[in-house]
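There are two complexes below, and they share chain A, which is joined by chain B in the first and by chain C in the second.
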Partner chain A sequence: MIASVPGRELNPRLALQDHWRAMRRETPFHSRLAALDFRNDWYSWAGCKAPLSLWDEELEYFAIRSQAALIDISPMVKYRIEGPDAETYCERVFVRNVAKLRPGRVHYTAWCDDEGHVLDDGTLFRLAETRFRLCCQERHLPWLLDSAIGFDVTVADETEAVAGLALQGPTSCALLKDAGFAGIERLKPFDLAFFPHEGGTVTISRTGFTGDLGYELFVEAADALSLWDRLWEAGQLRGIRAIGYTALNRARIEAGFIVANADFVTAEHAIRADRVRMPDEIGLGWLVDPGKPHFNGRRAILEARRRRSLGHVLVGLEIEGNVPAEHALVYHAKKKEVGLVSAAIWSPMAKRNIAIASLQRPYGDTRKDDLWVEIYALREGQYMKLMKRATVVPRPFVKLDRRTATPPADA
Partner chain B sequence: MTSSEAGRFDAIVIGGGHNGLACAAALGRTGRKVLVLEAADRLGGAAGTHEFAPGFRVSSLAHILNRLHPEMVAGLDLRKHGLALSAGAIPSVALSSAGDPLVLDGAYGERLDGTIDAADRSGWSELRSLLFRQAGILKPFLSRRPPDLGAMSLGQASLLGSAALSLRRLGKEEMREFLRMVLMNVADVLDEHVGDDRLKGLVAFDATLGAHLGPRSPTSLLGLYYRLAGEVAGVTGAQALPKGGMGAVAAALARAAEAAGCKLRPSAVVGRIMVEKGRACGVTLDDGEEIRARTVVSAINPVTTFLDLVGPRHVDTGFVRRLGHIRMKGDAAKLHLALDAPPRFAGLAEEAHRGRLVIAPSVDHVEKAFNPAKYGAYSPEPVMEITLPSLGDPSLAPAGACVLSAVVQFAPYALKQGWEAGKPKFLAAIMAVLECHAPGIGRSVQHAELLTPADIEARFRMPGGHWHHGEMQVDQMLMNRPVHGADGYDTPLDGLFLAGAGSHPGGGISGAPGWNAAKRVVEVRG
Partner chain C sequence: MKRWDAIVIGAGHNGLVTACYLQRAGLDVLVLEKNDWVGGAAVSRSLTPGFTYSNCSYVCSLFRPEIMRDLELPRHGLQVIAYEGGAVLTQDGDFLGNYRDHEAHRREFARFSARDAEAYDRYSRDVTRQCRFIQPLLMRTAPDPTSLKPRDLGELLYLGRKFAGLGASEMAQTVRFWTMSISDFLDEYFETDVIKAYFALSGIIGTALGPMSPGTAYILLHHYMGEVDGSVGAWGYARGGMGAVTRALAASFQASGGTIRTGAAVDQVLVRNGKAEGVVLEGGEEVWANTVVSNADVKRTFLSLVDERDLPETFLRRVRNFKIRGSSGKVNIALDSLPEFPALPKDSPCLRGDLHFTDSVERMERGYDDWKAGRWSADPFLDVVIPTTLDPTMTSPGKHFMSCFVQYCPPKVEGRDWTDVDRDAFGETVISQIAEYSPGFRDRIVHMEVRTPRELEAEVGLTEGNIFQGELTFDQLLFNRPVPGYAQYRSPIGGLYMCGSSTHPGGGVMGAPGRNAAAEMLRDLKRGTRHMSAAHDVI
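Presenting the complex of A and B:
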């Protein structure tokens, strides 16, 4: 903890968001993670100590695809949005139509500044008619509070107060049934429901970041460990494994999901003026609903569409060979530099060499031919310089029927 | 409830102050059907005349004309519609409690009457012509629409070009001098040229009038440039009193608007600006009446316009943030005295009483008057500009009696002790200063009306009691007035325009924001 300076009052708005006081905060699940950890491979996720890997990256990945992987998602930034104007407030902030989001549903969305540049993407949970939870990558309280001017709504950071777990993989539904969450099999993708736990409530949604069958569970931080134990016990015969970010990252690339400040730079983090992106430039144009009530950035986005001034496009690439093209430059006709790969793996599920890349229009947009990536593969003290053909392909790279089947098959 | 007036109007102007009326009249002359909605029971806003004691009438807020937009005066035939000014320019008088007053005759001190040493006489003459030349450079910017930084039109580029050209024409020395001085404080500039305390006090007062600045605050010279960029009857730097008080200006504008076919509706309080799909499409009155029009022009406060009438949900968060940052807390109070007889200011010739009398004995005095305002207290020895309008216009007071109208500084809007408690004490402080310069004046007061910024806020619907609808400082001028995104009379909403003093070029009885806004509406075919 950083103590406040005596005699100097903290700006009250800063005090509403004081995560910065603790460095590498441990999440409510830390003791369980630490007990399972063989690698001591921690990184900082939104200021929290989080594992890149706990025991074996490869096997952790396959836990997602063939068992049930348990991921501590408590570091994810969470805001509670509540009040009579919660819906109209959300309409103004987010680019996607909130009126269409019924209570008990979740949707993926994004929000922009006045210039139409994306501030972040995230999931919006409609917990009740007038209560929402926003989950995202970056902190936004000052922006969200300023957006609340003129609305009867309260916005509060509940990142530390609420602990989160993702349970992902083909056995996840069966596991939750075994753990006593009766009726969980009735949840369709993006549904959420409340279940009793230890005298409190756990909110379970059929959501995730893997493109697989999976769920996300949220509880008060005080109930975190008992929830973990409840899942862990029920999961012994369902192959439950705790995993870290490296494995999750592979799964999300296969699912074609993007990560803020990895695949695009958020508007408040961009230092260089040309690094900001509009939704249409990072593959999120489909979220934008010009017909809904006014939202931040609407004018700018529609103007950019009208003037065709959108400079970039985010695409999925399939690359020949099997060497991951992470951070490789993308060329047209092997000569003209037209973009950069932001994420790439050899996909174990698709058995393809896949990548997510940002290209300068018209490349990747109307000109998709003759694209190449230049991969520098470091091999025992020497770079193997590879120029490989890249083809624009649709995302997701991997589409699993079990992600959407309801009820899920008992695995 | 939909009014029978539905569909009858091309444009609705919210606010029947002088800028709203100027805008309406200009739009009316293009053949548009225009409706002006004024919340108060009469038109004019802060450009009004009211009776504050039986038989005593006074300009409600602004009381001197020094920048009425000449293009508008001609374009609307205001003289034909009854605008009449005091004969000739009135002088400014620097009162002194210690010695003789100094009279600045002609257009802003063309001649100095009174005892003053020869060096100061020539120093002033040089400084005055320097200031006039420099204000002349800024004048085109202060009369037309500010340039768009994003997409500049040919006309705007040529305006910038002509300003650059006039800088070139000044010659290298003068250009360097202008660029050196433009953001200086007025006190340092005065020190470079003159020594006379009365003269420096008066100029320092004028530079900071209506601003939250002391003469030693950086950029305080800009206020003086703004003042000297104005003109009356073709004479730059001149000043005049309108016959019948400031309400006569509003009345002439109202007649011009009516002659142009505008419908003027007082006692019509707008509750909402209706917005459909990002476009303003009309207004809803407080009583529920809906009036639709293709164009809505708001000539009221910009913050009120967006936060109260449009509502934050129709504009972006960053824009709301910027609106919240507009510095808009008034520092000026208005005093009206009903006097038994004309007062006599010490050492002042009778004729000079018809001028603008300034009590600001020195730069230090103005600076010291400002100091407490920074910390939420009023000036214990306030500075002020006084007019006795009934001397030249007997219709304003009963026979033999006299009206005193004064703008008094500094009276911070957010007074720590609150204006309810502070107002009688501030009035006493003002009267003590007046008594010192015009002995016996206190005894002849029949009635005193003091409008603090809190009163001005309530009476004229001016948030913060700021009669320019936003500080006239460098960060709130040109394309930053009122804020980026609502500059140049455009707004984030299609079909909605701004036309009040909150927009460029700003406050004062000029009509320029309203006149320019009308031109903008026509330009973009609103």
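Presenting the complex of A and C:
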């Protein structure tokens, strides 16, 4: 009765049974990455096999800052939001004004639960009047579907169907021109445009996670390899290097970007009630537009602002010395514990010891004096305990003119 | 004649935990067990040459690590090994796997529903939040809300503070959790039948309620609260079978100087002037002691071992009304080779976890309808494990022990007592369900032990065969377990205590009732409890 159900082979679910044999999914670019990988230094990015580095993270970092670095961003979670009500729907979900986001533009945004706690941050691509793509770190389908009730809109996961590449660095525009993406130089930051590729389309936006000149390219998974090859070939003269997450992470810290569930805990993952954060508590208050049509969490956020009950603040810190303060405690007057560093590096571009930290207000907010971090540096079997002065500084830590210059220079 | 410091009636795991802690506090303790072996419902016996069974309980995770440490159980042979998730085999020839790896788990759910796959994180966050609230209560004596004693007030305050600490929306969620049906609860997260059926299992195990009965959501929590070495919610096998737990406890007890007498059934607790003085064994032998603690369930203890005239009326009435309906059976099978399930790939890791064949909540509820009518379910819900895929000690290589937990199975068949014919028919219902999914299954069977509530009651002494010594519904939990006013392991009779699963925090191979009971007894005896670890922090 059981095994011989007629039409068994027609059930698409059955064809997917064996996914567990590859517990870490290989992205559409995997064969290209694997060919360039000499380290076998893989980690799991949203369940995909992704490189921490392919050759040497130091050299990979400098590819971002000097030539062009190619990063497989396919594992990023992507949702398609489409339908006549797509704009009003997005307006309802996200804290930032969507009416101001014209077709052909991208913006960074965030969305909150009813209590105003951040569910995630991400980039919203307006591909057409009634079509959006949301890129983010965590998965949100139930949230997005439930929010869609009453709107004429469809929301679908397209994470596996769409492959993504980031091409970042001073020569990235020149490289894309060489690769035949005519007119790419006209894109201003956060612009997007469609280009023909192999009978299909590649969506290119002037966006990225490095704070440098750079682009993100999205194609149907089937066209992934030919797109990679097209870039790779064009890069032979100017120099192109595939890189892993370690180098990218350095660049993003210099750019002052935050990572969900690293620099803050998303509301759907927070088990402890006090770990959730409002946008204002993680440096995203500027995204919130109280004047736009109603959005989820609005009342709670405005109420918290009015009552000044926001408990935390996320800040950039510059720390004395050269020892990165990753996960160090932050103190006031060397005594009172007031926060924690969530990301820290020695910045090669700024030649400074920089960090992103969450502090308990008023520290880091109205009281910025006398802040210290306690660094435990493990050196040959001993902790070197350092108490270093920290200064609150604006983010980004590194601001590059080439990120915004239009048209970009060739190098 | 010798007068013991304490007598423990019953060598179930809780009785042994109590005995261990009392002995280690310097008391001279005697454990009396009616069977010729120890273990109660945590027992491993060999009924056919070459095979060891987990005759009753079969998976381990609730057992408190603080107790394992205090009583040095690893040194006495206890080892708990984690296992892979398992699978629900569906009627259309597919299966829903449950993988330990988060992404594999998500992709598996996504085969059925993209939405459900992504709802899982929210679900596990909410269940984890509730567990974190309950877990610290397991190893504490429940406060008596009617008492004005500082300790009770302190504990009540602790409970109140913990509850208040949840925040308004969590508080509301908690109250709902304690009262909802598991089916309604799951509907808030998932849309797919088989996914809900998979989770609903934990809401009805050992309970004479259906997945649509209010109160079953909490029972899920009770099963989620376990851990294997800090991994909360994970389940494991006790290496050597569940009897390894009680073997280790018995060894620990004896190593600290304790005495166990098996084949010594207690007939009566000796009560003089409202105080327990010892026990009378079947056959008439009297054994004297300063205190007596019963590991048997509250009904067996007070309705058969104690003269009812020694008990206050209200207490007696409440004990009589304590809900302890049997709802489960067990089939243990010795196999000469590993069964095949064509729906599962031959090398599927799910074979090393628990297998179910009930792919909708609706089917579970229908199974419960049979129970209400006084019959075992025609289409029962099975929780099948083959521990020998991970444990090499229970039989020889290539051979396997299969444990099938079966629900629903009533304490009486249409109002009359079970017969051997009924029992065999019940066993056949189970085997034929497995054989539907596993061709050739019958040919692999070497030996089989079929246990209905009748057998469970006769052997373990579980009244009506209720596996938890009383249902885990909210009206019978915390300061209401087993009955209001007697939730602190004491009884109306001086010097007579309770330490079995009938008491807070309830059933399962957890050890917490036994430990808490020992703490209360030592408090009354003005003895130190420094040898008892406090509950691990839940941070």
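Assume the second predicted complex is superposed on the first by the 389 of 411 C-alpha atoms of A that agree within 3 Å, B and C clash if a C-alpha of one lies under 4 Å from a C-alpha of the other, contacts with A are read in each partner's own complex, and residues count from 1 in each chain.
Just so we're on the same page, a residue touches a chain if its C-beta (ideal position, glycine included) is under 8 Å from a C-beta of that chain, and two chains touch if they have at least 3 such contacts.
If you're wondering where the values come from, they're calculated on a predicted model, not measured in any experiment.
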{"item": "Partner chain(s) touched by A:149 [first = chain B, second = chain C, both, neither]", "value": "first"}
{"item": "Partner chain in contact with A:92 - chain B first, chain C second, else both or neither", "value": "first"}
{"item": "Contacts of A:299 with chain B and chain C, given as first, second, both or neither", "value": "first"}
{"item": "Superposition-derived comparison: chain B or chain C, residues of chain A touched", "value": "C"}
{"item": "First (chain B), second (chain C), both or neither touched by A:256", "value": "neither"}
{"item": "First (chain B), second (chain C), both or neither touched by A:339", "value": "neither"}
{"item": "Doubly contacted residues of chain A, that is, touched by chain B and again by chain C", "value": "115"}
{"item": "Contact footprint of chain A on chain B as seen in their complex", "value": "275, 278, 307, 311-321, 324, 485, 492"}
{"item": "Chain A - residues contacting chain B, complex", "value": "88, 91-93, 113-115, 143, 146-147, 149-151, 293-294, 296-299"}
{"item": "Chain C residues touching chain A - in the complex, by the definition given at the top", "value": "89, 91-95, 97, 99, 101-104, 106-108, 111-112, 114-115, 117-119, 121-122, 125, 128-129, 132, 165-167, 169-170, 189, 342-343, 345, 349, 436-437, 439"}
{"item": "Touching residues (chain side chain A, partner chain C) in the complex", "value": "1-5, 8, 11, 13-14, 16-20, 23-25, 44, 46-47, 115, 138-142, 145, 156-157, 268-271, 273"}
